[in-house]
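Down below are the structures I want you to see.
Shared chain: chain A. Partners: chain B in the first complex, chain C in the second.
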Partner chain A sequence: MAPDGPLVLPGETIDPSLVPSHPKNPLRLGPGLRHIPPTDIVPTVAGQLITNPVKNSMWIEYNSNRYIPSPNDLILAQILRSTTDAYLCLITPYSAPATLPHLAFEGATKKTRPQLAPGQLVYARITPASANRHMDPELECVSATTGKADGLGPIGVVGTTSGSGSGSTGPGCVFDISLGFARRLLMARSREDGGVGVLEMLGGEEGGGLAFETAVGRNGRVWVGSESARTVVLVGRALQETDRAGLGMEGQRRLVKKLVREMK
Partner chain B sequence: MTTTAAAPEAALGVLPRADGSANYSHAGYTVTGSVNGPIEAQRRDEHAYEAHVDVVIRPAAGVGGTRERHLESILQSSLTQLILVKNFPRCLVQIVLQVEDSPENDYVNTKLVQASLNFAIMPALMQTAVLALLSAGVPMRATATATAIAVMRQEEGAPTLVVDPSTRAIETAQSAHVLAFTSHGGLLLAESEGDFTVKEWDSVYDTAREICCRSAPTKEGMEMVLDEEATRGPDMRQFLQSTMEAKVAKDLHWK
Partner chain C sequence: MPREVDPSLNEKQFVTQALEENLRLDGREFDQYRPLELTFGEQYGVADVTLGKTRILAKATAEVTVPYADRPLDGIFTIATELSPMTSPSFEVNRPTETEVLLSRLLEKTVRRSGALDTESLCLVAGQKCWSVRVDVHALSHDGNLTDAACLAVVAALRHFRKPDTSMDAGVLTVYTPAEREPVPLSWLHSPFCVTWSFFGEEGETAVLDATWLEEQVRVGSCTVSLNRHGEICQIAKLGGTPVNAVVLLQCTGVALAKVKEFDELVDRRLTEDLKRRDKGGFMAELRAENDR
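Our next item is the complex of A and B:
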């Protein structure tokens, strides 16, 4: 776990003793920081400064609602329409649409490509090449190195075409959450590091072993799918309530118990 | 130097659907601001290399007119300096400021169209916009603080300065000034009205800088010169800092 740093506001000077120094690795700047050559590192948002001496990186931890695309993020996009060689997808409302090429699916060729209708949800990655702020973001549902989908692809469709994607089944629904909460859900150890145990509780004994699946997008959207529509609504409400009220572990346990009791 | 108003108050994230929002009340004015951005700009607002900052001011009653357009243009040029507009080409950052409450003026019918600029409200608008931008997490170069000062000329002796003057005080004042400073101490906005000398403006500048850019620890010797603590006026930078501290602590409760 990275040591906790101080609160910073935009334009404040960062104490040079806080900047990690590593003999070999170059310093990596994460979100919320900008480098003014030659030596200044200045925060651009209000948040907490986090440094990681092992990876020689530093970033600002903060919460917001507007997603700004950055390469290699896993996001939940919605197809708007199809052009001759790509789909146009919505990542966040009112921002420029992202392109998803027809051939960026597992096993897709010019003859066999997935037919996606407008409104279809896609779990996709922002390509490493689209780092340029002057370009609209580009998405992919296939790993460029292995050619495998790795769980990316259309969500919530019965029998997806050309075998691409996870091909999840059953009814599902998308819920909006804050970006900080989405990042916490995506942590490898979200219970220990992120303090989110609500999904485990719902599937465990507190929630009576509900069966559901989720797909969390960095863009502040989470898809919940289940055979039963009741479960979908319950899980979505539990997630949104945990995010909005900022519940701790004990609060989440109480919320799950309350929701399960109400559902019966 | 005298001040008339109580300490400012603010709440962040009051509007659930906006990307960022703030409610701010100080010196009798209450303003709610919302920020959305960076979002896709309309074709006519689009700029190839930087984001367009759109400021909309809505008065407490009725629809906005020329006065609001004038205030918008002043705020727009100041806020463009603060936001890192070059990071978001072809985008739009939309800032809407709704005046909810303004102090009543017992002496003048407020319905009358006044040709002059409304000085007393400008610090509240500026402060709300900055807080809403911070709440939305829009990347910024620095933060800003603003204050209004009126110069009342006495029959004899030196003119007195009134910080956060009432509407009545501005009408009877010799001159009125609004100044905003960035967190680096740079002058961001300076609007003045009325008759004043360069010397008077200098003292207004020093007072406003003291209010907006006071560094946290105060020196013993300085306080002796400025005599009573009460006359030093509000500390806007400290206020901004503590408001944001509360917000970040709430957001990162899980850490």
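Our next item is the complex of A and C:
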């Protein structure tokens, strides 16, 4: 992993010298930390403690197996069935379904709403309003402020007309990855901050300029689409192997080269 | 209990489409198994089989009981298969799913009904005392192809197992502890293994070995062949699904024989290694008078 910070265990006391101090900004605690008044800050999970002195924030970087929905997360959901005004979607197996209103798509009205079949994949965002983790989450495929889809929406399946944008690349396939790896993939600078360069390498020089598109869900699923099935399999295997073995930059480069040679 | 969710439409379409282009999601050949690992536990009769992400633990035990009244000369041999919610949340305790029933039935037919274990050798006193050998199969992780992994685990566990030595003296049966007398292996006649083929395509023209869980959910049919390394077929089970051409099935049994030979070799090799590990310097070390301390 790229970020460096001390490893902490749940309930450990955090060295006060590690807590950032800023003259003006209040201290912000991120995932995995809990404030016990008046003065204690206690980690609730095991992981790396990361601090950001500029934003005056601290959080714990960890890899867990169970996804807990939180607002504004981009996720890859699967339609279960349709009710009168919403689709019921599955974010993780064996958990309560999330609702995706029929009108939460770009330009959707009662007459033009997309018809989605059970089993179809949707790239969606968890609405900022569904902040309560004890309630079923709500999803949206459109930005509430701009009214644009911004790349969200159903992911195309051959033989249906509802695919928006991605329909041309065929069904693509979904691969399971760990939650920490999904987070690293979704970072704005995934190469520098997350230490993941495998996608760039596949599309760049090492992979011989493969053409593919991806949709990474924070729920530990990544969709890979391409016109050639060979590319989809290659990209999926590269992602899963990078995740499983925890490869660094050099390891990822070697893996990409090996896979490209193998699947020629 | 939550129901198992079907894979998404995208995955279903892609798996079949990729198979038409001779591709599998993990880059394997059609007749290639995932990495297969077999380890034995500290105790006799514990075998742990890992097949990719599928993991099976089998444990063999033996106790002295009364034989069945209608078979006074035979010992008792049972295989207990139970899929717990640990394997997958959709499995429930005491409510066997179809997968579980089929798995135990196939193991029964392959190992028990093919006479792999000589049950007559388990008889101690005719009609009064016999050994009851029981194998418990635990699925620790389910990523497809439970049958092949479970069958391998059962066979390996039974071949690794040692039951306490006994003697009959003037009508008195004595069961010796391992400290008194070295435990004895079971009388094992042949090692049958399961090889499961999954069929894809309109008429099941694509046959694939060792399907993962995703492939198992998409396949149109499957066929389990059980045979030993001499090519003696113990059973063939094709339970429903799309009809498959007889020629395809014949080719499948041919490949299955090659795979079974590999399995047999693996079990033999691991058993020899385990024996070597347990053997602390042979007979001379045992006879040595000096103490470890």
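Miscellaneous remarks
We take it that the second predicted complex is superposed on the first by the 246 of 264 C-alpha atoms of A that agree within 3 Å, B and C clash if a C-alpha of one lies under 4 Å from a C-alpha of the other, contacts with A are read in each partner's own complex, and residues count from 1 in each chain.
Going forward, a contact is a pair of C-beta atoms (placed from the backbone, for glycine too) under 8 Å apart; a residue touches a chain by one contact, two chains touch by 3 or more.
From a predicted model like this one, the values you see are computed outputs, not experimental measurements.
Upon superposition of the two complexes on chain A, no clash is found between chain B and chain C, which fit side by side.
Of the two partner chains, chain C is the only one that A:78 touches; chain B does not reach it. Rounded to the nearest 10, the angle at the Cα centre of chain A between chain B and chain C in the chain-A superposition is 50°.
Judged by the touch definition given at the top, the superposed model places A:184 against chain B, while chain C stays out of reach. Of the two partner chains placed around the shared chain by superposition, chain C is the only one that A:171 touches, whereas chain B remains out of contact. When the shared chain is aligned, no partner comes close enough to touch A:226: not chain B, not chain C. Contacts of A:45 after superposition: chain B is touched, whereas chain C is not reached. After overlaying the two complexes on the shared chain, residue contacts for A:127 are found with neither chain B nor chain C.
By the touch criterion defined above, A:94 reaches both chain B and chain C.
Of the two partner chains placed by the overlay, only chain B lies in contact with A:68; chain C stays clear of it.
Distance between chain B and chain C in the overlay is 6 Å (nearest C-alpha pair, rounded to whole angstrom). Taken together, the two complexes place residues 94 of chain A in contact with chain B and also with chain C.
If you check the complex, the residues on chain C that touch chain A are 2, 5-15, 17-18, 21, 23-27, 89-90.
Those residues of chain A that touch chain C in the shared complex are 78, 80, 90, 93-94, 117, 119-121, 155, 157-158, 170-174, 223, 229-230, 232-233, 236-237, 259, 262-263.
Those residues of chain A lying in contact with chain B across their complex are 4, 7, 9-12, 32, 34, 44-48, 61-66, 68, 94-96, 133-134, 180, 184, 194-196, 246, 248. For chain B in complex with chain A, the touching residues are 18-20, 36-40, 84, 87-91, 134, 136-143, 182-184, 240-241, 244-245, 247-248, 250-255.
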